[in-house]
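Dropping the structures in below, format is structure tokens.
In the two complexes that follow, subunit A is the common piece, with subunit B as its partner first and subunit C second.
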Partner chain A sequence: MPLAKFARITLFTALTVFVVTPLALLVLTSVARGWFHPALLPASLDASAWTDLLTDASHRLALRNSLVLGSATAIVATALALPLGRSAAYSTRAIRRTVALLAFTALALPPVALGTGLQLTVLSLGIGGTLGGVFLAHLVPALGYLTLLFLGVFTRWDHRLDEVAATLGASRAERWQRVLLPLLRRPIAESLALGFLVSWAQVALTLLVGGGAVRTLPLDVLAMLQAGQDQRAAAGALALAIPALLVIGAARVGARNTAAVVA
Partner chain B sequence: MSAALELHALDVVFGTRTGVRDINVDVQAGDCLAVLGASGVGKSSLLRTIAGLQAAGGGRVVVNGTNVTMEPPERRGIVYLHQEPVLFPHLTVLDNVAFPLQVRGAPSSRSATTAAAWLERLQVDELAGRMPSSLSGGQRHRVALARALCADPAVLLLDEPLASLDPAVRRDVRMALQVARTTSHAAMLLVTHDLDDALAIATHVMTLLPTGHSEPMAPQALLRSPPTLESARLLGVYAEVEGVVLGDGSSAAFHWLGGAVPAAGAQPGPAIACVRSHEVHVHCGARIHGPELIVLDRHEATHDVVLTVRRAGGETAVVRVGAGVTAAPGDVIQVCILHGRFFAPG
Partner chain C sequence: MPLALAGILLGLPILVGVGYSVAGALGLVGNAAPGGLQRVLGDTQVLRSVVLSLWIAMVGTAGATIGAVLLALAFEGSAPLDRFARAIGTLPLPVPNLAAAVAMLLLLTQSGWLARLAMQVRLIASPAQFPALVYDPNGLGIIAAVIWKELPFLLLVALSLQSLQSLQSLRGSALTAAARTLGATRWQATRRITLPLLLRGMAPSIVAVFVFVLGSLELPLVLAPSSPLPLPLLIQERRQALDAASHGEAYVLALIATGLALIAAGMHEWLRDDA
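What follows is the complex of A and B.
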């Protein structure tokens, strides 16, 4: 077998093992009762961890908070990042670079450093330890990601489409409705998905700005893991993974019939 | 009756500076004015300014008697066609063409009927259900033109629509533009650097130079009498022959190394004669009265031949002669200029 082909197969296998194995172990652990080293398989299977996750009031609150935060972050960050990215893309190079730098800074800063700064800001606004405060904190990295996304989209956008629509008699609102938004369906779907996932996976910012008063699913999973509740932690971790996979799938379906418009 | 498009003292801006200044032009409905200009002179900027896609440095744009200088593009009644046709990629060909009617709130059945009629006029009705990504270059041009005409504009601006097209597509699009001119009531403004395009489509032609623009003229009139040496150079169909005008008034004559040419009305002094190939007679061998010239170089052009000649005294000149002239380097010829346009050297 040629070396290149061998290397390709090895890398592909390694990638599959690294992604699939932890997920498979999570699935098994979430339904495993009495599974201790060195047993190869669990002694018995039950769904008690899943039942707890769905019926326990505190877990349901955490799940609801995560969903609310994820949805709000996705929608608001997309609504802000789209016009921001567009205006930056049509601005001078200096403005474009400054916007990109600021957006990248929001991503590049260590979450603890960013969270500490945000905590002070949120506290001064009087919304420390609230869902609103955590939402603002989640908005910062989400806005960074999505601004970069839309900056890229509009840098390659064929701005003549807007000009053509205008000279054909379309008002600004009609241009958005009939040209821009239909063509932006794919980036918007990706933006909503990415915005949701950025918030959905947040731990450090939620912990620092929420101060433990705002429970989310990732924090619950972390607490269960620290308490040695492996079965429940595995169920929680899978619950964290499932919406992420669904969001990715939905974004792909939404994008299927939409071509990116680039110059 | 006022013209469909009037430009009054219009200044065109390039970035932060004013480019072409003081443009004064009228275009009547149904007419097509070709603006001939070299690359970079500001032809596209002129169109963008008229369309409202960029601000004017000064002056007014008037459409059907209404000053639209401060109006946004959608309220000017002016449609701008880019050099590369820009179709909405998410709409079918029919929906693209119906777009201007739909944004005006026309019922969808009427929009579709009108759009289909324009597609038929431009002979692309079989493409109605196709997406733009599946069209060829020529088809895209025709669809974009159908869409522009479907908007029933008072003014249609065409930004070098034939540039960078291969000859077959160029003929196809040129025919479509001729159909557009004859079937639409729009005043058309075509910018181009190609004289052939202007001759094929336009009713009037003007030249646009950094120093200003010429008066619009009928294409043949412009060819007969370009107003300035720069305009003549822009047309690209003349050979320039250096000489001197002696005498004045009706007795003035242009003297060059090949002989003398009547130049009634030309200003006395050093001059450049702009001469087309069919205005030159070449005689091989000493058969007519006049100086003998030696052919130094022969260069085949698209429609004619360019000869570099030298007189015994050592002076050289370049003349553009008919494609049938067989003179080759080393031949002795006599060149007789029958007619020319005479300008003081720039």
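What follows is the complex of A and C.
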């Protein structure tokens, strides 16, 4: 075997082991019963951790909170970031760069540092430890991500379609309805997905602004881990990854459909 | 109009977040006792926290970058092995930080799966002989999780840059071809042309990874040692402490973390030349 090919196969094997082992371990732990040191494989399997996650009343509350927060963050952040990204993209270079810098700062700030400040704000508004307060906090990094997303979309945008529609007599509302929104279907779907995921995986802001009163799935996973419930924590951790996997799958299908419509 | 909107939507929360930390650090708001600034700056524990956080972010980002570049160069073709390697390399992308941390915990503790494997093949005789990768003062467990989590993102960036360059075919491939014509070996062409172009294109993303890792709470929360605590955990701990003095320190620490993030954000903007 030539050296280059040998090196490539070695690299591929190392990569596969490195990537797959932690994931496989999560899956196996989530269905393992009585898996003690030093056994390499569990003695028997059961799905109790998964059924607990869906049936246990407190887990269901956490799951519902996570879903509500994620959906609200996705919708509101998209509705705000779209016009912001659009108007910034059509402005001068200096304004564009300022908006980009602000947006990047919003998501680069350590959530713990941001949360420490936001916590006092939310408390003074009287919504500390409520779902609404946590939602406002999640909105900050989500807006950062989505503004950057729409800034990118509209910087590469072909203005001529809009101009042609205007020349042909389409009103502003008609142009939005017939030209812009259909073309924006994919970026909006991506934005909703990204906004959801930013909130869904959030730990620090929920912890600080929620003050322990607002339970979400990630906080439940942490609690299970601290209680030494490895099997449940593994199931919870995998559940955290499921929406992201679904979203990526849906994005691929969506992209194919959009391509078909445009073509 | 966009500036006003950006100011309200993005600037205000940042200003409020930072502003409260400044006011808190000076003892003007909250129940924080004044004098936090002096105490924090004179505290060697704080210095060790900052150093540990910077170390984890630096080594983790460097490891993920090297891995991503290596994979992007090794598997840039269209053979099944290349495509398969690219798919596997980007697999952890959708896994949240917390889930990655749980997986690494199961893998790397002294009673974890790797230690069990080492015992089965008689590399070690007892769990204690397995190196303490989790909760260790050098943050090795966190660094492993960082590389596992961030390599896929940087790989994706490297791959998109490569396909962009070969599509435009004016920078990367044309330059490489010219160098080869002038007698450069394949390795020389890679080292002198492909690699610098790739790293320059990846630079903003590398800075972004660094700053996210620096501020991330999830990985340290699960994998960090109790001493020294990484900076985000130290802030969290001081914030939750019951005495007013600790609260004041939390604000000062939050300001330090914010300062580090702002420097990185500035660098990110400076490195981006496409805006």
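Note that the second predicted complex is superposed on the first by the 239 of 263 C-alpha atoms of A that agree within 3 Å, B and C clash if a C-alpha of one lies under 4 Å from a C-alpha of the other, contacts with A are read in each partner's own complex, and residues count from 1 in each chain.
Methods note: contacts are C-beta pairs under 8 Å (C-beta built on N, C-alpha and C of every residue); 3 or more make two chains touch, one makes a residue touch a chain.
Since we're looking at a predicted model, the values are computed, not measured.
> Report clash or fit for the pair subunit B and subunit C bound to subunit A in the combined superposed model.
fit
> Angle at subunit A between subunit B and subunit C: what is it in degrees to the nearest 10, using CA centres?
100
> Could you tell me if A:Arg186 is touching subunit B, subunit C, both of them or neither one (first, second, both, neither)?
neither
> Give one of first, second, both or neither to describe whether A:Pro83 is in contact with subunit B, with subunit C, with both, or with none.
So A:Pro83 only meets subunit C here.
> Kindly classify A:Val247 by the partners it touches after superposition: subunit B alone (first), subunit C alone (second), both, or neither?
second
> Can you tell me whether subunit B or subunit C touches more residues on subunit A?
Partner touching more subunit A residues in the overlay: C.
> Of the two partner chains, subunit B (first) and subunit C (second), which one does A:Arg215 touch, if any: first, second, both, or neither?
A:Arg215: touches no partner chain.
> Which partner chains sit in contact with A:Arg232 here, subunit B, subunit C, both or neither? Use first/second/both/neither.
neither
> Pick one for A:Ala166: touches subunit B only (first), subunit C only (second), both, or neither.
A:Ala166 contacts subunit B only, not subunit C.
> Considering only C-alpha atoms, give the closest distance between subunit B and subunit C in the superposition, rounded to the nearest Å.
18
> Provide the residue numbers of subunit A that touch subunit B in the complex, in ascending order.
158, 160-161, 163-171, 174, 178-179, 182-183, 258-259, 261
> What residues on subunit B touch subunit A, complex-wise?
Subunit B residues touching subunit A: 51-53, 72-74, 76, 78-80, 82, 86, 88-90, 99-100, 102-104, 133, 147-148, 151.
> Which stretch or stretches of subunit C touch subunit A in the complex?
For this pair, the touching residues of subunit C are 1-3, 5-7, 9-11, 13-14, 16-21, 24, 29-30, 70-71, 74-75, 81, 84-85, 88-89, 91-100, 102-107, 111, 113, 116-117, 119-120, 127, 148, 208, 211-212, 214-218, 221-222, 231-232, 235-236, 239, 250-251, 254-255, 257-258, 261-262, 264-266, 268-269, 272, 275.
> For subunit A, which residues are in contact with subunit C within the complex?
7-9, 11-12, 15-16, 18-23, 25-26, 29, 37-40, 80-81, 83-84, 87-88, 90-91, 93, 95-106, 108-118, 120-121, 139-140, 143-144, 147, 155, 200-201, 203-204, 207-208, 218, 221-222, 225, 230, 233-234, 237-238, 240-241, 244-245, 247-248
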